[in-house]
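Each of the two complexes below includes chain A, the first together with chain B, the second together with chain C.
Our next item is the complex of A and B:
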């Protein structure tokens, strides 16, 4: 049972929330929608759920026109980024709610709810009030409520974004286990996120969304290795990929008075307005490197993010250790230039180290 | 510091309690006094300062023929009119508030907020402005001097309060809760009844209390729109006043007229202290 959408557009105000979005989701697969905030992820999920009606375009599920089916008959499940539960019901009643709505036998409900509680690790909490649970537990309850329905389409709208770092890591791990346990046998799982790392870890089919438009579709690895445009490269990297305006001639990449020998996959690109893309992790500190000035140094967890500047060029370097720098310090860095990407002036990918569009 | 804090705390509690309770005690003792004890200087304690009697209370239930005012019928009229009007106002007001909070209305330049304001604006107008239209309206449909007419007018007056409070309340209930209910298989009516309403009980109680209070204490419209057939309590109490002010029966009637409000307040307080209202919606 496939979920197919054709040219979905939704424009409630001056801006497109969805702009000609098409996709073909197959059962048993995990799809990740990657995009920045306000890129239309939630709109897309709500459209699939039936909470929003697109201005134009069509959705088919199992060969039937899905737009004609009201929300309450669609058999979808959705987990919101806010922890949405029914505050007047306790944990058990919350999870049982969709089943009671279907008038299922009481004993079967009990069994299913207990199963769901077990799979999200909340056994023993069934009589608690929702308000007595922590954020992570509340999100588990809403996950359990969406699991218990056995819905054909499971929508997860940035389910981890409002959790603190540790819980996020933990719950993400559990999600992965749940998804791989074969829960998704005939379910279409759609997961939206702003976090590239989450996308890579879930390792499903990725749809990169920006300003309501689909920029690229492909497996997570493919998006990471061969982003088809500057924008995708920005969205799918955190911190965003460094973009350096450079010129390549005589086998040398030249910018800000620096000459770097061009690797083979870049050497033939001699056009004007070329942009070189380099991940912040592909730049390292090196005594014999090129001198840059520190604009800002942030320490996050166990890594240091250095914002560097030389002339008009600004780059971000991430270093896997905690280092203390002062503003205006001089540092010397080296580029792992054979990991560099090149983009045309119009933003399209020109060459990638992983072989996309070489030459 | 700590002792001073405790002292000040109890000091203010005592002052406030005296402030609140004293008028009730005063009315209670006065209701058992006679002409002599009221006008013959200040008296406080029954059986010591004055000899209590039930004359003030008896006037309230004696028929006019025997020199009483008989507030029993007006009392039940008032109860009936207030409760019916409040109930209908809450039901209609909650439904319209939910619609105003969740759906978008547009008629030319009139949008949701304008409609909400339109409801509230009914209460901004001085009552005197409304009295003549109401009078003409009720007389044209032959409902002057009737309970039904009063209920109609009170619904017009009370529903804006319900709408106003409930719109604000529904706006604070996350839309995602309704959406989740829809996704979980409720149609819009079930989503409202099974999910939104149970989470709105605190708002309903507040709106209900305001409706009951405003309905119960209204004198103006009850006075203008009724004559002889139907009378409400506030109007009847005023009728007690004559050339000699009967402080004892006025006090007694004041006590019986606040009684329902005190009972309502106690019930709500019980409910509040059980913690049923707190944290329903975060």
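Our next item is the complex of A and C:
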């Protein structure tokens, strides 16, 4: 039972929330929608759920026109980024709600709810009021509520975004377990996120969305290794990939008075307006490197993010340790240039170290 | 905090409270133990004679009380149902939403006494427009002079006058509800009807209880409508407690007896409203 969309467009104001979005989701698979905030992720999920009607385009599920099916008859479940539950019901009643909408035996409901509670680790909480739970627990309740009905389509709209760091790590781990345990083979799982790391960890098919448009579709590894454009490279990396305007001639990459020997996959690109892309983790501190000036140094967790500047070129370097820098300090860095990407002036990928569009 | 002048600052509020609440109640109790009437205007002491008369020798009071209970419960239920329906209607995005929201409030903005005079004209048996229209079908109900129909006329006027108040409270309640549970309910497979039963209605329970209690208190004071519309008639068939107490006290000047009725009425109202509030809370909030 495939979920197929053709040219979905939705434009409630002067901006496209969805712009000619098409996809073909197959059962038993995990799809990750990766995009920045306001890229149309939530709109897309709501359209699939039936909470929004697109201006044009079609959705078919199981060969039937899905847009003609009212929300409550579509067999979908959804977890929102805000923890949405029923404030007037306790935990058990919350999770039982979707089951009670169908004619199901009380004893079966009880069994299913208990199963769901167990799988999200909330056994023993069934008589609590929703307001008595923490944010993470509330999100578990809504996850359990979405699991309990065995929906054919399970939509998770940035389910971790409103949780604190620790809970997020923990729940993400549990999600991975839940998903890999094989949510019934016939489920289509659609997970939206802004976080590239989450996307890579979930390791499903990725749809990169920006301004309502699909930019690239492919397995997580492929998106990471061969982003087809500058935009995708920015969206699928955190911090975003460094983009350096450079010129390649005589087998040298030249920018800001620096000459770096071009690796083989870049050496033949001699056009004007070329942009070199390099991940922040592919730059390292090195005594014999090129001198840059520190603009800002942020420490995030066990990592230091250095914002550096030389001439008009600004780059971000991530270092796997906590280091103290002052603004205007001079640092010397080296580029792992054989990991560099090249993009044409129009933003399309020119060459990637993993073999995309060589030369 | 120990501040020796604190009672001085408490005094203005206390003075008003004593003047308008505590003194009148105490005075009514004292009055109810007297035989104050137009022949004998004075605070003499006759013990519980008034109460004994009320409980053993005055079926008219109890009839008016049960009539009042019937009228107030019926009107409040109707007001709640109609008010909820109207509020629910303009809660959703419909055309001319603002227009309807204002339109439904119009009856509340009118002066009740004047509107009742207009209703009385409407329902006049031979001259009123209602019977004029109904004459097409060859019927002419005695809106104001039939003992049974007159009760319903009172109900119609009361419901018309006060449904907007219920509408206003319930609309405010609906607008203050979180949107999220409704999104969840749709996805969880609840059709619009089930969504109303399982989400909207339970979420509205606390507001409903408040609105119903406020209206019950107001409705049990039905007086002006009855006074203008039927004057309690025909006979005593639309006479309510407050109207009967008014007749005894301010028409026949049996002040002592009216005071004993007022006090008894107050006690009954406090007890019954407390019970109703408890029951509503139990039924609607399941607590």
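In this section, the second predicted complex is superposed on the first by the 358 of 359 C-alpha atoms of A that agree within 3 Å, B and C clash if a C-alpha of one lies under 4 Å from a C-alpha of the other, contacts with A are read in each partner's own complex, and residues count from 1 in each chain.
In this section, a residue touches a chain if its C-beta (ideal position, glycine included) is under 8 Å from a C-beta of that chain, and two chains touch if they have at least 3 such contacts.
In this text, all values refer to a predicted model and were calculated from it rather than measured experimentally.
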Fit or clash - chain C, chain B, common chain A: clash
Touching partner for A:96 - first (chain B), second (chain C), both, neither: neither
Which superposed partner A:3 touches (first chain B, second chain C, both, neither): neither
Contacts of A:49 with chain B and chain C, given as first, second, both or neither: both
Partner chain in contact with A:78 - chain B first, chain C second, else both or neither: both
Contacts of A:30 with chain B and chain C, given as first, second, both or neither: neither
Contacts of A:131 with chain B and chain C, given as first, second, both or neither: first
Of the stretches 39-47, 75-83 or 273-281 belonging to chain B, the one that collides with chain C: 75-83
Residues of chain A that lie at the interface with chain B and also at the interface with chain C: 49-51, 70-73, 76-78, 80, 82, 84-88, 97-98, 101-102, 142, 145, 149
Of chain A, residues touching chain B in the complex: 46, 49-51, 70-74, 76-78, 80, 82, 84-88, 97-98, 101-102, 131, 142, 145, 149
Touching residues on chain B, where the partner in the complex is chain A: 174, 176-177, 179-187, 190, 195, 198-199, 279-282
Touching residues on chain A, where the partner in the complex is chain C: 49-51, 70-73, 75-78, 80, 82, 84-89, 97-98, 100-102, 142, 145, 149
Partner chain A, residues of chain C touching it in the complex: 178, 180-181, 183-192, 194-195, 198-199, 202-203, 205
